[in-house]
Amino acid sequence: MSDHQIEIETRRTPGRLARAWNGDLAYSFRHSPVAMISAFMVALLVLSAVFAPWIAPHNPFDPGSLNLMNGFTPPGEPNAFTGEVFLLGTDDQGRDVFSTILYGMRISLLVGFSAVMLAMVIGVVLGLLAGYLGGWIESVIMRIADIQLTFPAILVAMLIFGVAKGITPPEYRDQMAIYVLILAIGLSDWVQFARVVRGATLVEKNREYVEAARLVGRRPFSIMIRHILPNALNAVLVIATISLALAIIAEATLSFLGVGAPPTKPSLGTLIRIGQGYMFSGEWWILLFPALTLLALALSINLLGDWLRDALNPRLR
Amino acid sequence: MSALIRVENLVRDFDVSKPWLNRVIERLPKAKLRAVADVSFEIEERSVYALVGESGSGKSTIGRIIAGLIPASAGRVVIDGVDIVDQGGPDAVRSELQMIFQDPYASLNPRWKVRDIIAEPVAVRGERTQGLAEKLLEQVGLSATDAGKFPHEFSGGQRQRICIARALASNPKIIICDEPTSALDVSVQSQVLNLMSDLKEEMGLTYLFISHDLTVVRHMADRIGVLYLGSLVEEAPRDRLFDAPKHPYTRMLFDAAPRMDAFGREVDPPKGEIPDAINPPPGCPYHPRCPLATQICKEEHPAPRMIGETRVRCHHAE
Amino acid sequence: DALRWARSSDSLTLDPQAQNEGPTLAMMHQMMEPLILRNPSGELESALATDWAVSTENPDAWSFTLREGVKYHDGADFTAEDAVFSFERAMSENSDMKGLLTSIVSVEANGDYELIITTDGANPLLPSSLTNIFMMDKGWAEANGAQNVQDFESGEETFASQNVNGTGPYRLVSREADVKTEMTRFDGYWGADEFPLDYTDIVYTPIQNPSTRVAALLSGEVDFIQDVPVQDLQRIESDPELKIMTSPQNRVIFFGMNIGDELVNGTPEGGNPLADVRVRQAMNMAINRDAIRQVVMRGQSIPAGVVMPPFVNGWTEELDTVPTTDVEAARALMEEAGWADGFSIQLDCPNDRYVNDEAICQAAVGMLAQIGVTANLNAQPKAQHFPLMNGLGSDFYMLGWGVPTYDSEYIFNFLYHTKGDEFGTWNSTRYSNPKIDEMTRAIAAEVDLEARDAMIAEMWQIVKEDMIYLPVHHQTLNWAMRNEVGAAVNADDSVHVKYFTYD
Amino acid sequence: MSEPVLSVRDLVVEIPTRHGVLRPVDGVSYDIAAGEILGVVGESGAGKSMTGNAVIGLLDRPARIASGEVLLQGQPIHQLQGAALRKLRGRHMGMIFQDPLTSLNPLLTVGDQLTETIQEHLDLSASQAHERAIAALDEVGIPAARQRIDSYPHEFSGGMRQRVVIALALCAEPELIIADEPTTALDVSVQAQIIALLRRLCRERGVAVMLVTHDMGVIAEAADRVAVMYAGRLAELGPVREVVTQARHPYTAGLMASTPVASQGQKRLRQIPGAMPRLDAVPAGCAFHPRCERAQARCRQAPGPTLQACDGRAACWFPITHEQEATL
Amino acid sequence: MLAYIIRRVAQSILVLLVTGFVAFSMFSFVGDPVENMLGQERTQADVDRLRGQLGLDQPFVVQYAKFLQQAAQGNFGLSYRQGREVSAILAERLPATLELAFVSGLLALGGGIGFGILTAIRRRGISSNVIMTLSLVGVSLPTFLIGILLIYVFSVELGWLPSFGRGEVVDLGWWTTGFLTVSGLKALVLPAITLGLYQMTLIMRLVRTEMMEVLRMDYIRFARARGLRERSINFRHALRNTLVPVITITGLQLGSIIAFAIITETVFQWPGVGLLFINAVQFVDIPVMAAYLMMISVMFVGINLIVDLLYFAIDPRLRVDGKAGGH
């Protein structure tokens, strides 16, 4: 009975924060250097993305502020024409690479977060319904999931991107690209949430506490939300973390296929796509810095997700 | 005293068929599992009625039907004069009936605080729950300060007390206890059983007590029904049953149960195991294991008959 | 020795008349020949016709003397009959070449080695529109059921799309579309002694990804690449085994503007600002072509002052003088036009068609922002860009124009004539000037070359003032190759391996 | 008496955790002779399984034997590692787990699992091992063993599965079997069969058995001697009849009394107040003293009572004497 | 089992219909093929004529119905881009993709399972932590970048391996293979790594998690208690049980290898169906796109079917009650 172990670990310490800090998760966190370092990295990157307008020396999204002649300035060296110096150099449009990375990370994170949110909401709702209600509803939902799985996410995203761009009026296309990306990545990613939530629901719904809730007359919907969902959240959280990294990478991949964020409001992926053209030409900084940032971001999110997966899995403790 | 619960000819089948296409191709008929076969009994108000039987004999299924968690396939269940099978389902008697489950670990939502768990039956009805949990916790021998804790902070016995507190929250008349102590240690079991007895006296409760432990049943029950493969093979008041078991299955159960005074007992263990419920043997379901079985047992399922105070389903019982 | 040659895309078909498109024609030029060729220095050179002149009897007809002793790869002789067949095929409904030949009324053989082409009125420019009309073998085509150009309705592929029987210096050995096409020297080639023909074989591989293409050259896997990304020129140059050959290209890049009354994507209050020529002038002044050349194009472009490549008849240095970038003056003009606060507009741009197309647009967005014009960039693949533009769905768009005929008429016809079914098909500016329309038709028929040139000059004067296009630059062509490859760059990017030398 | 098959001396198992070092087994000593069944009873968490696992060297990290000795036929085995330990397992000592369904690998046939174990330990050819596997199945009472040997575990019923598990544990003829709640998951009728089987094998083969359970009835019927554990320590150790009927340790006595059988006819069951302490809060002195009505000052002092320090039967400073028992 | 296959096939037909329908309804948005098919001298009349010829002037439902009708006869029409039969083009391109997918699949499976086991058995070892972290690098960079980096290092800088194409291929009738020539094998290395790396990481992590869970099962403890060797426990007992869940995911992963080949093939100019698809998208070559999507669906369904049959092979419990597919 594994619950014995849990019992042992329950000394009362008052105070919510203190309790959280002493909780299993926090304990495991404090004892995992990898988790701490990656959490620090994620926090650092996310914060610098959020506060980009205050941190970044330039605003690369404001075309009027750019001077094309600043293009291709190497890091830390003055530009041959304008004499300006940029920490990480400039790209082909004369944008400060450092600022562009910060702003690009905003886009990447926005797309990643929102896409995962979307996928999560769809997946969780469908997974709960399928798992709890069963019957033909389950069959239909899971068949749709199967069909969706038949299509690799990247293809789905490409197609959705194509359609969404097609049906949005041209005057909105520029702004729409981001939303379309979110939609495309989100819609291509819900299945795993649905599957996991359905699996968890199938397990939980046979637990006696659900019977107890049914017995007192709680309605199915209320049971799903109040009882089952909280118990499926751990699994969802783990997937969400890893999906976030995947979504950010997916956005980058899509931009390589020409369906990513617009070049005037580039994401990290778009920056890499642009930068890879300068691989042989000696302007290494245009590729290197965005790529390193993406690597750091995705890697630390992945490591965090990895740690979370192990830490939240009681069977692996 | 009148019967608070009356179960008449209760039947419950589960569909365990393979999917339609498999059946078509493999030429299989629809398969059904008769978990409860033609069971009738009555539970007097303020009494303890126990169902015993080995695993898979249909005890929980009967309990769940009475609790309204699953529908019956046929038969009647009348609770306090309301037939829950015909008349609008269990909602009519919802607040009169509560349940305690076997696994104290699975029957409390790990994400909820004890206070919310206990108050849930009342909260669902939109009534005030202020202080309710604290009061009930003290009633079941825990401390009111425990209300703010989570279930994992309690031991098995304490959890079962929390379950009991939850069951009491809506002031029920009837509590269905599905093996409430089989996950507990003896020393804790005695505490829980005592608590249940006390509450019964204090609050005038009626229990349907499901268990496979004959010693516990003997201690708790007023009347006992023995189930085998969904059939109620024998039913009698407690002492009648233990003093003079009529059905060979009941006798086998008594013999097989380990006894604290039977040091080094050398008896032949019973034969066989419960057969597959999907393809039960024809006739009396017990006949393949029965020392008394004759030809008629293979052919005919015996009807219940009364021998004294005992109702028994056996061709050969006397 | 084999020439391993790579560019960004493959020829779409081997049917010489199914696709009028760069890579297809480039490939066909190795295996088939037109009557007249444009050689690497841009001059017309005789190929299968040794001589051509306006017919002495009929000013509306041209007479071509065909080369004798020319053999097809399968050994058949080339005669006027084949030429008639080829022209008729090129003018047939499904041919993609027929747009070049619209003026032709009839093509007749006069004996085995003379061809008379009659046009609808005099057509002084006929020879220059024939440089991509390849001569097929009539017998071969008939034997293989390849008389017709690809017809999608029938749902069947034509023999000619996968097989070649030409008179060219190389013949087809094997082909896997999009993968590899191998050719070997044709021993019976008529010009075996006239041209270097140093390469015995050609291995052609399309490599789409620019980085991979450059990598293939750097790692020595190919000898010669086209479509070199401008940023990689330096790296290639610095490799002691590689060299770059450069030439101005017959293609001008520019922006078109909707000067109609309404904008498609929402007209700002006060009407369409682009309808005001002052606004267009201001925008023209705001664009810093030199910066684009230096940074975006890495020096690989020639700033343009007119929508006409320098090779084209009618081009003058004066016309092509680049306006100086003057943001102050431009702002003043904007103010004068009542748009001091600027306006917002969508800029539609291809991202897979021209050299650094997207980056140019992006740079333009920045420059226009300086005079208060907020351009929202909509960069998309050509498959979406051109339909949008040609369907009049764009207010401000990028376009590039090459002039295969090397004559201004081609530009007026497609870009300045009022948009209609036959003329002005690429004019999405809503510009309609009856005078220009009329003159466009006139120069098509004018045989007096001097008068014609005068008319052309006048037309350019008019359209330059109307400023419906903002010229950006003339593209520069770069070929990169191993040192031992001797080749001169062709202004229209077409390749004639027969001129290549192996040093 | 000849040398015991197993002797455990002062065994201490420790688990380092974030709340300090836990001692789920604390100074346990006992012997088991050949052909003897030693019952180990106690409440959940008393350290019964831990003791068994420590003997056979299957403690999961981070638990470890901190001190004490485990002697198998006189040879110390508690420090063995790797291959040396592996060679003992199965060959000289076997183990039976609680749940027969999860103890068998679902993807291998019963025969595969048997022959694999036999060949691992005995120098037999494949066909000999196969024969032996059939014999092993036969011995534990599986009808038509020859046909059933190629069946998969899921094709057996619960009782049959547990027989297979026993066959697996016994197939390389170990001298010691540790049976950790072998019948808890089974029905009474099947339980009776399995207990009978275990007793028969023990008797016929002279195997020493450590039978872990928390069912007093099972112990009473099956065991020769019984060890009662409480909070990781031995509370009482003695012949089964004496321990059950004349318990000396107040805990044992309370345990026996709280079974419904013992309280037959009473309205309420006898109960021991409170619950067994958690491992991180074992009181000083006698671990039972907070629940013990007989506790005195001495009981609260460390070191607590041990079997050796007391009368060798109950680890209690003030054991119940037979006379007192009678007056209760 | 037969019922199972029938159900799968029925499902796959449904999938195909839906796929086709979705694909078709999308094509109207990806651009206008006619614009690409005609040269710049085309007139409006040419455009209209070609649209008519291609049936593009009809509502997409009609186009879809026509497509289905033809596709049912194995006829996917002519590629707008090449004017050749789509089925012939696909057949020509498929070997390249399949060989690439096969090698990367092998790499992903071999590496994934091997490293997965290693990291599960030595949970806390330094080597497994290093492997775990390194493997994450593989999924933390977009595939195209990894490909380009590999080219840069191994082709341009070191000159060891080719940067593009398939090398020499040997024609075996309807199949062309690069397995039989040195240059063909060399050409496989970089694309296969690029493509397989990502899947390898996923499989490895999956195997590790599953393996760690299986290693805690009672039957593993029981096997230990019987004195079986670690090797036998890890491989005969644990790995086998790990495989059941691993197969599902792996099956899907292997399927997506074929889809992900789009990017790898573009980077390495690998002449497979992925490159074909990208070209088709750029050209709005509707018949090729439609046929490609159909083909991918068929493959996925096929892989799923194989996965399910593998279940039957691995897990005897399913053979009796046929409850496979509950995954």
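Observations
For reference, chains read A, B, C, D and E in written order, and residue numbers begin at 1 within each chain.
By our rule, a residue touches a chain if its C-beta (ideal position, glycine included) is under 8 Å from a C-beta of that chain, and two chains touch if they have at least 3 such contacts.
Values in this document were obtained by computation on a predicted structure and should not be read as measured data.
By the document's definition of touch, common neighbours of subunit A and subunit C comprise E.
The chain pair with the larger count of C-beta pairs in contact, out of B-D and A-B, is B-D.
Inter-chain centre distance (subunit A to subunit D, centres taken as mean C-alpha positions): 51 Å. Spacing of subunit A relative to subunit E, judged by their CA centroids, is 24 angstrom.
If you average the CA atoms of subunit C and of subunit E, the two centres end up 39 Å from each other. Multi-chain contact residues of subunit D (touching two or more other chains) are listed as 44. Within subunit A, contacts with two or more other chains are made by residues 1, 7, 165, 276, 279-280.
Looking at subunit E, residues 30, 148, 152, 156, 266, 278, 281 sit in touch with two or more other chains. Per the touch definition, subunit E reaches subunit B in the complex via residues 2-4, 6-7, 321-322. By the touch criterion stated above, subunit B contacts subunit A in their complex at residues 64, 67-69, 91, 94, 97-99, 101-103, 105-111, 117, 120-121, 124-125, 152-156, 163, 166, 170. Partner subunit B is touched in their complex by these residues of subunit D: 43-44, 157-160, 187-193, 195-196, 214-218, 220-221, 240-241, 244, 254-256, 258-264, 267-272, 275-276. Interface residues of subunit E, counted against subunit D in their complex, comprise 217-219, 221-230, 232, 236-237, 240-241, 314-317, 320.
Within the complex formed with subunit E, the subunit B residues making contact are 18-19, 21-22, 24-26.
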